[in-house]
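Chain naming follows the written order as A, B, C, D, E and F, and within any one chain the residues start at number 1.
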Amino acid sequence: MAGIDTGDTAWMIVATALVMLMTPGLAFFYGGLVRRKNVLSVMMQCFMLLGVMSIQWVLFGYSLAFGPDQGGVIGDFSWAALAGVGQEPNADYAATIPHQLFMLFQMMFAVLTPALIVGAFAERMKFSAFLIFSVLWATVVYDPMAHWVWGVGGWLRELGALDFAGGTVVHINAGMAALAAALVIGKRKGHPDISPPHNLPFAILGAALLWFGWFGFNAGSALGANGLSVSAFLATQLGAAAAAVAWAVVEWIKGRRPTALGTISGAVAGLVAITPAAGFVTPLGALGIGALAGLVCYLSVVVVKGKLGYDDSLDAFGVHGVGGMLGALLTGLWATATVNPGGADGLFHGNAALLLWQFVALLVCAAYSFVLSYGLLKLVDRTLGLRVSEDKENIGLDLTQHSESAYTLVG
Amino acid sequence: MAGIDTGDTAWMIVATALVMLMTPGLAFFYGGLVRRKNVLSVMMQCFMLLGVMSIQWVLFGYSLAFGPDQGGVIGDFSWAALAGVGQEPNADYAATIPHQLFMLFQMMFAVLTPALIVGAFAERMKFSAFLIFSVLWATVVYDPMAHWVWGVGGWLRELGALDFAGGTVVHINAGMAALAAALVIGKRKGHPDISPPHNLPFAILGAALLWFGWFGFNAGSALGANGLSVSAFLATQLGAAAAAVAWAVVEWIKGRRPTALGTISGAVAGLVAITPAAGFVTPLGALGIGALAGLVCYLSVVVVKGKLGYDDSLDAFGVHGVGGMLGALLTGLWATATVNPGGADGLFHGNAALLLWQFVALLVCAAYSFVLSYGLLKLVDRTLGLRVSEDKENIGLDLTQHSESAYTLVG
Amino acid sequence: MAGIDTGDTAWMIVATALVMLMTPGLAFFYGGLVRRKNVLSVMMQCFMLLGVMSIQWVLFGYSLAFGPDQGGVIGDFSWAALAGVGQEPNADYAATIPHQLFMLFQMMFAVLTPALIVGAFAERMKFSAFLIFSVLWATVVYDPMAHWVWGVGGWLRELGALDFAGGTVVHINAGMAALAAALVIGKRKGHPDISPPHNLPFAILGAALLWFGWFGFNAGSALGANGLSVSAFLATQLGAAAAAVAWAVVEWIKGRRPTALGTISGAVAGLVAITPAAGFVTPLGALGIGALAGLVCYLSVVVVKGKLGYDDSLDAFGVHGVGGMLGALLTGLWATATVNPGGADGLFHGNAALLLWQFVALLVCAAYSFVLSYGLLKLVDRTLGLRVSEDKENIGLDLTQHSESAYTLVG
Amino acid sequence: MKYIIAIIQPDRLDEVMAALEEEDINLITVSDVMGRGRQKGVAEVYRSYVDRNRLLRKLKVEIAVNDEFLWPAVDAITRGARTGHIGDGKIFVFDLEECLRIRTGESGCGAIG
Amino acid sequence: MKYIIAIIQPDRLDEVMAALEEEDINLITVSDVMGRGRQKGVAEVYRSYVDRNRLLRKLKVEIAVNDEFLWPAVDAITRGARTGHIGDGKIFVFDLEECLRIRTGESGCGAIG
Amino acid sequence: MKYIIAIIQPDRLDEVMAALEEEDINLITVSDVMGRGRQKGVAEVYRSYVDRNRLLRKLKVEIAVNDEFLWPAVDAITRGARTGHIGDGKIFVFDLEECLRIRTGESGCGAIG
């Protein structure tokens, strides 16, 4: 087929599969951290999104996000049901791989992003409310924002803000929605005296799969197998490594022990923060971003959250929201066109303007996401009710929402 | 090397690794569903096949299945021990990748297929009987059928039936053998009052690895990194997604809750049903096949099985057999040459003949598999005995067949 | 970019990600085998190495190992902080992929190797001591040895010994360090009456991820997507398969049952032994190496270890040390230039000299590793203390070193 | 009032519960235990380590009954749990001084059922 | 001396412990059990198999007390565990003949606390 | 007949079982419990949440013995479980009214061993 490069295609098929694996990875990361009576509910929510969002994306989501531009704010419906999205490349997005492959790669992002929010309302949301909210949110919040940042003609894409692999659309976006969700749905019964993670090895498994999958996420965002994707891969590894170490070190310095949960939380924070920067920074820049991500997310989760007192059960805001915003800003500092001529120089390389654009993009997206998510959640709450009854929360969502227990106790 | 394309080779190496991962994936999918005392036995059976079948395949299995044709029904022994199967491509099978790579890709199918049958006789078969049966079955049932459908000169390949990635050879075949096994070996003690799955998160992990690996299975069956493999990837994702949602929705409609086990069972059913169709149908066709697969396999497992009363412990027949047959027939409806010029049009695209060929292929293969599997199982039963003693079944296969316990209880 | 092949690059990006996944794989393999109170400590050690070693490698490790040669024994610091290691290929190491990608691929080896040693001192080493030791060991033992064997100008590389994917640098090296560690730190309290593996399915999961990742390790060592990498992939699969079967069969013959732990231990032993040979042997050679690896490692772990009485908790020496040495020697027997013109013929193909060189390389590396590791461990022991107090060992490392419990018990 | 602790084979629970139901005894508490009795376990093997497996999985069933239900309960447990093989288990009977229903505060015989 | 066994809802443990502390009762032993009482469980569904879920997760709390602490302990447990819903659980009281502290060898009333 | 419940440190089980064997007491039942005693646990830390860890892992050992074996059993447990550190645990002794062997139907003293 004209223009298709088998090497680029090979890598992007794999990258797509890797990003797909992140959603089950997240299911285990989150699932290990909740109480035993809610583990299936969290995993089920992640898995269900793998189903529902894939369908939404094919039917109209992709068209809204990447279809022909309407005034810089949204795509139209001309690519609905993948009309015209075929095996030929679409040079506007990726000239050397089938258009469907680009669409698939983006599909996995669209699946993962709402799944990230689950961490905020885990252990207390009705399954039905979760489903409705997620589909609405994907359509009203995610798809437009994806268009702004990535769609041809999207206004943020034109603006000059940098976001290599989706720090804004994925992490800031999900993080702000998570904050809204934690506020709207309220604290879990017993908070903050909630029993500890019921299965930390599961959370470690989840973190490992996330790290592994993130290579697809970030290095895949180069949309080919080339120097840039390798550079993004390197930045990803270093961001995660530095942040994991940083979080553990801070715990140690603060007189506690370095914990496994801290280390994997740090790794995820680093992966989040490096996401917008991955294709624009040097290895040392990546180490810097990672180290700061570990430190700042530690503070946001351990120090600040405790003081503010909302119940973001699994720190979806504290890690993805805060880490995402930090990454967006630090991209404005450390970006350099020597790594990626398609990028721009940041403050440390003599260009203060970039930082400004990063800040603007961050602010607009964060505000948009927070306000709309808040509204949608209130809407669902008023109509369907967001939260299970206290009784059901006590018994656990696995039994009451899904008629299942994760483990047998006797026999 | 003449004719080798690095991009195609890169993708097919990875696809092979992905299909390899499906067998451990299956080990967790099945292992999570059995009782605590039998989890290792199921995982051990899967792992042992990874060893034994790889050796069988290299020594003579590949030659029987893909070697020079003998009257359309089987290959001869000229490729035994991989004689002549080297680093050069074999243009008959795949012109742009090393012949050994094609052989390896097929090896992983040959490992996985007998592992699927494990689900039918789980929790009660002797390990020795399992081993003997599996090797015999691979040689007498799998290898010939692989030759018919995929081997150069194989009679079904000539017939014109479509099977993109192995719906017949892998799923219908394993499914019918599973039915035979459930009938020959009989019900588990206590059936149907068997305790629930001992570790559903393991089953979810297994389903996730299966889904992930299935991209290698289906998109790899294009044997290169090209538009067709991307199209198959897309169909795979949509088949799984639609079926997962469909199963959960049916549960909901029937007045129960949507369950995690239902959702992942649906996903697997969708993956099974899309397998023969993956390279021949449009995205909407894939959604249709997936949705029907979720519905039909739900009925077969939840409604029909209960009535017929055989004990297919983990629904190897109900999901792989029924899903495989459904997929073969639906391929005859939804296939279209616009997606794949090497394919054919189905009934919905004006060609009723295809459906007929699909039906014939299905019938012959299902019958062949059922009859021979039944015979082999009876043979092993008469000689070695298939089933452990009641006492051993009570204690559990982990302890009695493998002298191990999966988990420590105290300390 | 001049000279970059997208297919080779695609495969090597994926291979790098696969090798990265081996460290979490090892975390589960080891984690499942320890007692419940120590599972996090083992996983934490593996994860922490993923952080710390990545940083060490980028800052100076890669330069020491692969940088401009100093007298055949070590690289200098000119590539420190990746100076000059960019997106262009470095033809000395890999002409068709970005230099950074080669560096990343090697990084994952540098992460994994110290993690292998963890198996020897599991359940009793202080976390701080572990950290210091690992960083010192990587710098003083691993980096130089990597230079000898792989670095341009390295003396062992010049000598003519064969080591396809790191049998010497990774496995013999880690194995000897493990032996030193088991001797220096002493037995666990209660040894040999230690409770059994607390979660064998985790160990099986780990083994599956190791096997999967090993395709990246071995087939990736061809540094491209070509016939050689496929041949290495095939040898890897067969080595693992034959060894898994061999171990189980030996157990069976010795009057015990074939165990799941034995089967996966065999698989790992086979993967270790095939590592140096993967790119140099025929499929039948790989089967031979695998079968011998299963047998010999079984003897070393089950028979010899019991007699010698040191406490190599998880058999890091018994599997990686012994398996690595065996593989090095067997490469000297089975290697053939027909598989890889860049290799050499072994004894079975008429060239006795190779066996000699293999033996020399093995001896030098094993001795160097053992002596220096022993010295480093004694050093850390004298200064910081290697071992936790008896009280802490009783309570478990999870609580005392990391203030965490892996699982909740009630609720 | 009496309190019965029965140690049974893990796979006999369904039979025991069924037998108890026949006697109209429905309230029980069950937990996982490991027991060493006369039954010799299968040796467990983990690489070099052979565990003679002195402890086997059992279930512990606890039932509080009014005095007149004691023997029916004991008989029902025996009926349900007996296979005739070593390892079938034991039944221990204690005197129960007091019993309260948390929900209502009721106490004594009325609170048991 | 008395020995109390209380079966409570899994999520009431914190409340029970807090209530006990108010009475200066700090030493307890807790374990996971499954119980069948009057409470009807949610049916569990696994594909074709519906488990009427006769056994529900509960916690078992065990406390040895000197006689004068018996009623305060029972009251505290009741206070902490009561929700008024079916399934709140039961309290069983036994006579405790002897109690020893392993560390010191002390026995009797002095060893309880 | 007496019934002994001992709460011990999880890692002392082997020693306790060995000590019991010396007294010819071989039949026991063991289970996992969490205990709060005088021992202060290590605080557990999970991100922002610090669990003061009021409950520590312990093992519960249950032994039914004939009267003459009571003190040998208690002594053996003490010997095996004592480390001299806080947290060593407690031994509780109950009167056992009746004991039955399910397999044979035997009851009383003969059924204990």
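Everything that follows uses one rule, which is that a residue touches a chain if its C-beta (ideal position, glycine included) is under 8 Å from a C-beta of that chain, and two chains touch if they have at least 3 such contacts.
Here the structure is a predicted model, which means the values were calculated and not measured.
Comparing the chain pairs A-D and C-D, the larger number of C-beta pairs in contact belongs to C-D. Each chain gets a centre from the mean of its Cα atoms; for chain A and chain F, those two points are 49 Å apart. Chain D and chain F have centres, each the mean of its CA atoms, that are 18 Å apart.
Distance between chain B and chain D, defined via averaged C-alpha coordinates, is recorded as 43 Å. Residue positions 10-11, 30-32, 34, 44-46, 55, 85, 94-95 of chain F are each in touch with at least two other chains. The set of chain A residues that touch two or more partner chains comprises 5-8, 10-11, 14, 195-197, 199, 205, 225, 256-257, 259, 261, 403-405, 409-411. Taken as a contact graph, the chains are fully connected, with every chain touching every other chain.
On the chain D side of its complex with chain C, the touching residues are 44-49, 51. Those residues of chain C that touch chain D in the shared complex are 192, 194-197, 251, 256-257, 259, 261-262, 265, 301-303, 305-306, 315.
Of all residues in chain D, those touching chain F in their complex are 2, 6-8, 31-38, 54-55, 58, 60, 74, 77-78, 81-95.
Every residue of chain F that touches chain D in the complex is listed here, in rising order: 3, 17, 26-32, 62, 64, 94-103, 105, 111. Within the complex formed with chain A, the chain E residues making contact are 9-11, 14, 32, 34, 41-46, 55, 57, 85.
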